[in-house]
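Structures incoming, each one as structure tokens.
There are two complexes below, and they share subunit A, which is joined by subunit B in the first and by subunit C in the second.
Here is the complex of A and B:
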């Protein structure tokens, strides 16, 4: 099997208090922390999904990105076989550190199940799957830095072996209020708009 | 035309084998000693009193530090490795050596874990914090052996270990690699014990998968390693189908209808071109929580698999999180090649609403094709179908 260039259908970037959708700024705030930025973005796009406020920061970041890419293409009536392939460097460490603090002090020992459940990076895949009813392939990977080659290859494998019709893949990194998300939809069919682009060029753009 | 091309590609995919296996558990530091212990009915689950891990006494399957250190000292004098890194290196070392596979650009390394070096977070230093990163863990283990390719870390809760086999298979089929060494590992830690306890998911006695009086998990720790390869020589088993489908239902509990597991098994069988009635054995997840075991029984019944002999190995090893799927695959491969169904330890009286055929004692049986499943937080599920090599 030869590896084809991934066919990017649409992409989104979230960093520095801004959401850029398909190369165009879609939402921007004054410099603020991620919690506030995420809340403003949620309101701006009228997402109407109260579960959002229970999520940890990594899930909120992945949710915001996937929401704008998936909402236009998912249907509530039909099955959507859209695989989820996400990766980052810091896994769920942002929440892991918070959870560790809740058990480190014997005087103030309070492990919370609601926090513990988010000490897994793949929880954000579950959140996206629930939101868009994606009963589909999903996996979370960790690399020391953005690995566009792996994401492209693995997404193409899922498409070429008919394990998915579309793939939402990307990088969702969050630690200590530093964040960057880059997500894109990949399909078997070519899209004229991104003929000369690949995941790496779009990520670094 | 594109579609025809895709279809022909699908049929031409390479065949995938597991050619080497190993595991490091409280029952033994190689596969043979683990099988002997299982046949004797030994369990790694013991009562522990260790306030650095839990305020109260608890049942868990824990490896002795002394045994890890003495075994590790036989292969390296380095002192920089964490306990989990030593366990992973010990699992990989003999199989890399035996395989004689060259660690070149066509040999990948996948590390799968749920929590990795999470114990490093308990120490408040920058260096220690750095070690809690999974890419650092993977780099440390990879550098010990000198892999030339960048390590791939799979961290997908409790399906990690078996999902890593799927990922390896897929990458070899796409011809990116010819060989993939897969290691899976997790430790019993204060972090994980307190979390499962907070969920009230811990059993007060050694866990009893699928039983009427089951009350939850016993945690465990282990590492396991396999070589997934396109090379049929010395193959222990063939990997013939796989799938990992999310429930899209709840982040901390399984779907009541077992939807994701049902679909994962269905897809894996379809890819393997195997009818459900051809399965001789199922190595299931069986954590012994009320909801998980019930969900599995429902999914198996929906697929008409209620009469296929099934076990959970959690009664021997506890729930070893991300390691469990790979460890249990290593044991299931032995089950198939020795034609012995191992007892589902801890089982007494059926305690799931839809009947399943839980293996009550070790028995001989011809095993040609078996299924391995796992499920985890985040609604994830994985199913992989294996076939004995003729």
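Here is the complex of A and C:
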């Protein structure tokens, strides 16, 4: 597949208890687990969205990243045609395992509906769409490893075929409290700040 | 009955991850859905699980939930009258 260079407008990375927005550290905590880190980040950015606390870890990770990228550019009055293209390695396995554990004892069989609803990775796309009122294209892919070339090409196809005005794409991986998110906004127009960058170079920075 | 209401408030806050709500914030007659606590349809299913798991009450007809889950008051009354554990 030939890489079609994406026009990156902004990007965010979340890993190791830190959020880096456009190359600058925006939030950092002392070493802690993801649940605590996510709660502190939510409070720090005053996100005002109580449903956040009902989400599973993968959705919280995707939500935190998308919130900081989308909030400055989405409008509450106009329709935002921003496609969502995310990928990861572990799908929703972290929640799948928790759910499986909750139903493994036949003597204590009380499956939780609130956990069950997160046993699909693309639920995090729904959470982002609900938050920002997006009725746009969205897809979630599973790869063995980060695949910047695929994300670039897929995003550019959506832009070039007028399926979207902007694309939020990236990697949201979570399993056993190990996590990494890399999200970026891609547009048809070039941004001088990132004209020498592509998704792979920013992901590995 | 007062102890049961307190217990229910704690269970609801913990089970439904109502992070920004304290027991004192929930009045006995506050609506649990809509303008009250703002619970949603998945929360309603979790309340049905609480009835089953903690009080031994199996709701055969989910439509019953509408009246049972109106408030902490109605929940506590129903549980008191029907609990098996």
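Methods note: the second predicted complex is superposed on the first by the 201 of 205 C-alpha atoms of A that agree within 3 Å, B and C clash if a C-alpha of one lies under 4 Å from a C-alpha of the other, contacts with A are read in each partner's own complex, and residues count from 1 in each chain.
Following the convention adopted for this analysis, contacts are C-beta pairs under 8 Å (C-beta built on N, C-alpha and C of every residue); 3 or more make two chains touch, one makes a residue touch a chain.
Quick caveat: nothing in here was measured; it's all calculated off a predicted structure.
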| item | value |
| --- | --- |
| First (subunit B), second (subunit C), both or neither touched by A:123 | first |
| Contacts of A:112 with subunit B and subunit C, given as first, second, both or neither | both |
| Partner chain(s) touched by A:17 [first = subunit B, second = subunit C, both, neither] | neither |
| First (subunit B), second (subunit C), both or neither touched by A:50 | second |
| If touched residues of subunit A are counted for subunit B and for subunit C, the larger one | B |
| First, second, both or neither for A:140, with subunit B first and subunit C second | first |
| Subunit B and subunit C footprints on subunit A, overlapping residues | 111-113, 117 |
| Residues of subunit C defined as touching subunit A within the complex | 16-20, 38, 42-43, 45-46, 49, 52-53 |
| Subunit A residues touching subunit B - in the complex, by the definition given at the top | 1, 3, 84, 89-91, 93, 96-97, 99-100, 103-104, 109, 111-113, 116-117, 119-123, 125-127, 129-130, 132-144, 147, 150, 153-154, 156-158, 160-163, 188-189 |
| Residue ranges of subunit B touching subunit A (in the complex, touch as defined) | 2, 6, 9-10, 12-13, 55, 114-116, 118, 121-122, 132-136, 138-139, 150, 152-157, 163, 167, 170-171, 173-176, 190-191, 194-195, 197-199, 243-252, 259-260, 263, 267, 376-380 |
| List of subunit A residues in touch with subunit C within their complex | 39, 50, 53-54, 110-114, 117 |
